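Following this line, the structures themselves.
Each of the next two complexes has chain A plus one more chain, namely chain B in the first and chain C in the second.
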Partner chain A sequence: MGTAVFRDAWLIAGKDLRVEMRSRVGLNQIVPFAVTVLVLFAFALDTDQEALRTYAPGLFWVTVLLAALLAIGRSFAVDLADGASDRLLLSGIDPIAVFGGKALAVAVQLVVLEVLLGAGVVLLFDVTVHRYGLLVCAGLAAAAGVATAGTLYGALVAGLGVSETLLPVLLLPVVAPVLIGATRAFQDAFGVAGAEGWAWLGLLAGFAAIYGVFGALSYGALLEEA
Partner chain B sequence: MTLLGRFPALTGVDLDISPGETVLLKGPNGAGKTTLLRLCAGLCSLASGQGWVLGHDLSEERRMVRRRVALLGHRTGLYDDLTVAENVGFWAQAAGASHQDVDEALERLSLAGRLADTRVGRLSAGQRRRASIASLVVRRPELWLLDEPHAGLDQQSRDTVDSLVRGAAAAGATVVLATHELERIAVLEPRVVSVVGGMVRSGGGDSEGDAPTDGDRRVS
Partner chain C sequence: MSTATTSSSATRVGVPATTSSRATKVLGWLTLAGFAVLVALAFAWVPEDTRITEQGDVVGQFDAVRLMFVHVPSAILAYTGFGLTFLASLAYLRWRTDWWDMMAHSSAEIGVVFGVLTLVTGSIWGRPTWQTWWEWGDVRQVTALVMVLVFIGYLAVRRIPAEAAVKARRSAVIALVGAVNIVIVNRSVDWWENRTLHQQSTLFARKIRDETLFTLSFSFAVGMVLFAWLLLHRFRTAYLESQIEELEVQEALEERRAEADGADHGREQP
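Up next is the complex of A and B:
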């Protein structure tokens, strides 16, 4: 493993992001879906503005996770559509690079989604950001954690006829620590609770690192069995 | 033996192909030709027995095999939302090929110019097939595995495929193809291998769909 792995990971990530930008599925479908979920939460809790502010971090991250399921599923659907997944195997690209590239592309999409949804939360839920540094770091770490775990489980179910329904069942319990940690960190950043935000950020970073290493090591075997 | 799900798709294959040889796999639909090609590409695993492709063990070194072969299957392996040039360029970069290789492949497959900047999703079936071939040409494979390469193509694209096969054979590459267009391939004087019901018979001139005799070995 060397620079070739990083070069190939960058190649895969660039390809995935270019496909997403061209297809506009993220912009035209995933983002509107996520915004709709946020608005529905606002409708449901509309009479209690204080509750909206208090629960804004949790509602934000539930929304991100739901939208992430769509982004991860699509990342693999694009490869499967016309046999590109076989070509990837035949290309000789190291599976570590494939994993890293796909996870990076998903993470970038999640960060963009977080920025858009963050603006939505500020507008709809009337929250104020007190700690920008914590907010940004927690957002990046959580995106990395969801992307690495999601890419691993996405590969596991890719090609199965039931992948759309199986992915949420498998992935959501696994990323529960991300939901908890990111929510606590955002509570601190929004100043709505006295959570130790930086400590929770450590959990998020640890989760991303563990799934990054685990995914890189197991992705090759996973592709062989898929 | 190779399994498709729980069922043996190929059993007892005994097939030896020399470097530079052109081999025609002949047989009815569902006989196991596609599985045999995917097995040679390292995309299927052996449930039992042993196999080597380009000197690599199919049980232990499938990744090494994959780097050196090109498989043209029923699907194009391309991304609809990327242009022809982007698709070919992506697979070229993955194989370590140069921009010049990409330009040459596009030129050779009559895809240069306006077509190169067209999204694959907007191409005709024949153009897509040619783009798929271009993305394989840039890899300079030592073994070509072609599964019904003429299927669904117009006359121009069929001629392009023929040119590819002739060029690969002339360059010393090994070519294994499954096709029903026997008259098109006859000029290459390929060795004919019959695949019937998961069994392989080598070197025959037997008619398609014949049942193997008792003396035949069952092939994967």
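Up next is the complex of A and C:
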């Protein structure tokens, strides 16, 4: 049973990522949106290169969260179209595998987004990376946290008719700890503030673990309705 | 459907047409009387908060200390409301009865009202005392804000027109996750700013005056009575709302049946 869950989760993640690869909505719409937000931040801070460098970690993560809302919303919109979610339910796949698979697919998309946005921040905000290991670990852990919490909340609002407006209201306050932790870790990695980056990584990993368990456990209750 | 029809139908099936009862009347009068006494105590009896430092400076909260008699009980009522929502949501997921669902909804609404009141009174108190409306370095203040935002989201879900069971189940999960999240937010904000301006347990350190302590305890008692009074009314309103929905469904069914009967009669005599 144990391996079946992983295999099914892998299957679901593959399906979601394949849909994304073919539709290219993430690459053609979500990434340009995120880059635009970075540009708007630069306009808002008035060509002050020093301010941009100082606040780059926070601005980066706010941008990731905003783009994540779109990615999560899309992950469930795809399932709802043509009654695909009903068929997923009928397939008899363990809800834990469905949750794991969807969260994994969202996390992969977020990591791709982080890499592209990271390049944008280095180019546009003139930051230099001092600690690559911390940067990569924090980026992965934060993506996992946003993906697990996001998948849980995405399922909670899916099919309610007002999910586009409801998801931000519910999810953004919940992922506030990720924003705090990831920003602090990046401040350390960029060398803009003396934060204890590795300690913050613990918070990010803990957050991802808590929401991973919570999501996996409650996903069955959310799927049982048609 | 007109209100007149609703109330007459409600009486017909034995549903009370009001949320008032002997218990709520007693609680209501107790709250009012308690408030009157509290205002008198807070403004006439409790002296302003001052302390003379070793250097001879006069410091303290001065008259702002009187705001504590609204701020502190509000915060406790907000946490009570959200705590009750958490427990009721847990009970709903276990037993799946409307009673627990309505209890979760009612207490969350009261929790949000007192949560907002806590933030507003805290902010007004902070202006003269900390010289700022908002202090990001204060863990409790930031946690309370995030908590209120989470439960405002919860109430938004409750307002969506969706099937009652679907809404109840999803709301219950949101309340559970939201409550767990309060702990995470609290810890992370604490680490975020490793300092706090908030009063560190003055209640137990006995830095607080006897008059202030008594009035504060009295304000808790009044707050609890107010909470019970509001919860009873809100719960009964939720119950009546659910009854109206059921009646509307029944009436619609009866209308359809009458139409079908009429159509059958028409067919029998062509």
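To be clear about the criterion, the second predicted complex is superposed on the first by the 222 of 226 C-alpha atoms of A that agree within 3 Å, B and C clash if a C-alpha of one lies under 4 Å from a C-alpha of the other, contacts with A are read in each partner's own complex, and residues count from 1 in each chain.
Methods note: contacts are C-beta pairs under 8 Å (C-beta built on N, C-alpha and C of every residue); 3 or more make two chains touch, one makes a residue touch a chain.
Only a predicted model underlies this, so the values are computations on that prediction, with no experimental measurement involved.
Student: Counting only touches as set out at the top, which of chain B and chain C does A:L11 meet: first, second, both, neither?
Tutor: first
Student: Between chain C and chain B, which one touches more residues of chain A when both complexes sit on the common chain A?
Tutor: Chain A has more residues touched by C than by the other partner.
Student: Go through the superposed model and pick first if A:I93 touches only chain B, second if only chain C, both, or neither.
Tutor: The first partner, chain B, only.
Student: A:V78 in the overlay: touching chain B, chain C, both, or neither? Say first, second, both or neither.
Tutor: first
Student: Based on the superposed arrangement, let me know which partner A:V169 touches: chain B (first), chain C (second), both, or neither?
Tutor: In the superposed model, A:V169 contacts chain C only, not chain B.
Student: Please give the residue numbers of chain C that touch chain A in the complex, ascending.
Tutor: Touching chain A: residues 93, 146, 149-150, 152-154, 156-157, 160-163, 165-166, 169-170, 173-174, 176-178, 180-181, 184-185, 187-189, 191-192 of chain C.
Student: Which residues, counting only chain B, touch chain A once they are in their complex?
Tutor: Within the complex, chain B touches chain A at residues 41-43, 45, 62-63, 66-67, 69-71, 73-82, 86, 90-91, 93-95, 119, 135.
Student: Going by the contact rule at the top, pick out the chain A residues touching chain C in the complex.
Tutor: Per the stated touch rule, the residues are 152-153, 156-157, 160-162, 166, 169-170, 173-174, 176-177, 180-181, 184, 199-200, 203, 206-207, 210, 214, 218, 221-222, 225.
Student: Note which residues of chain A are touching chain B in the complex, please.
Tutor: Per the touch definition, chain A meets chain B at residues 8, 11, 15, 18-19, 22-23, 78, 81-84, 86-93, 224.
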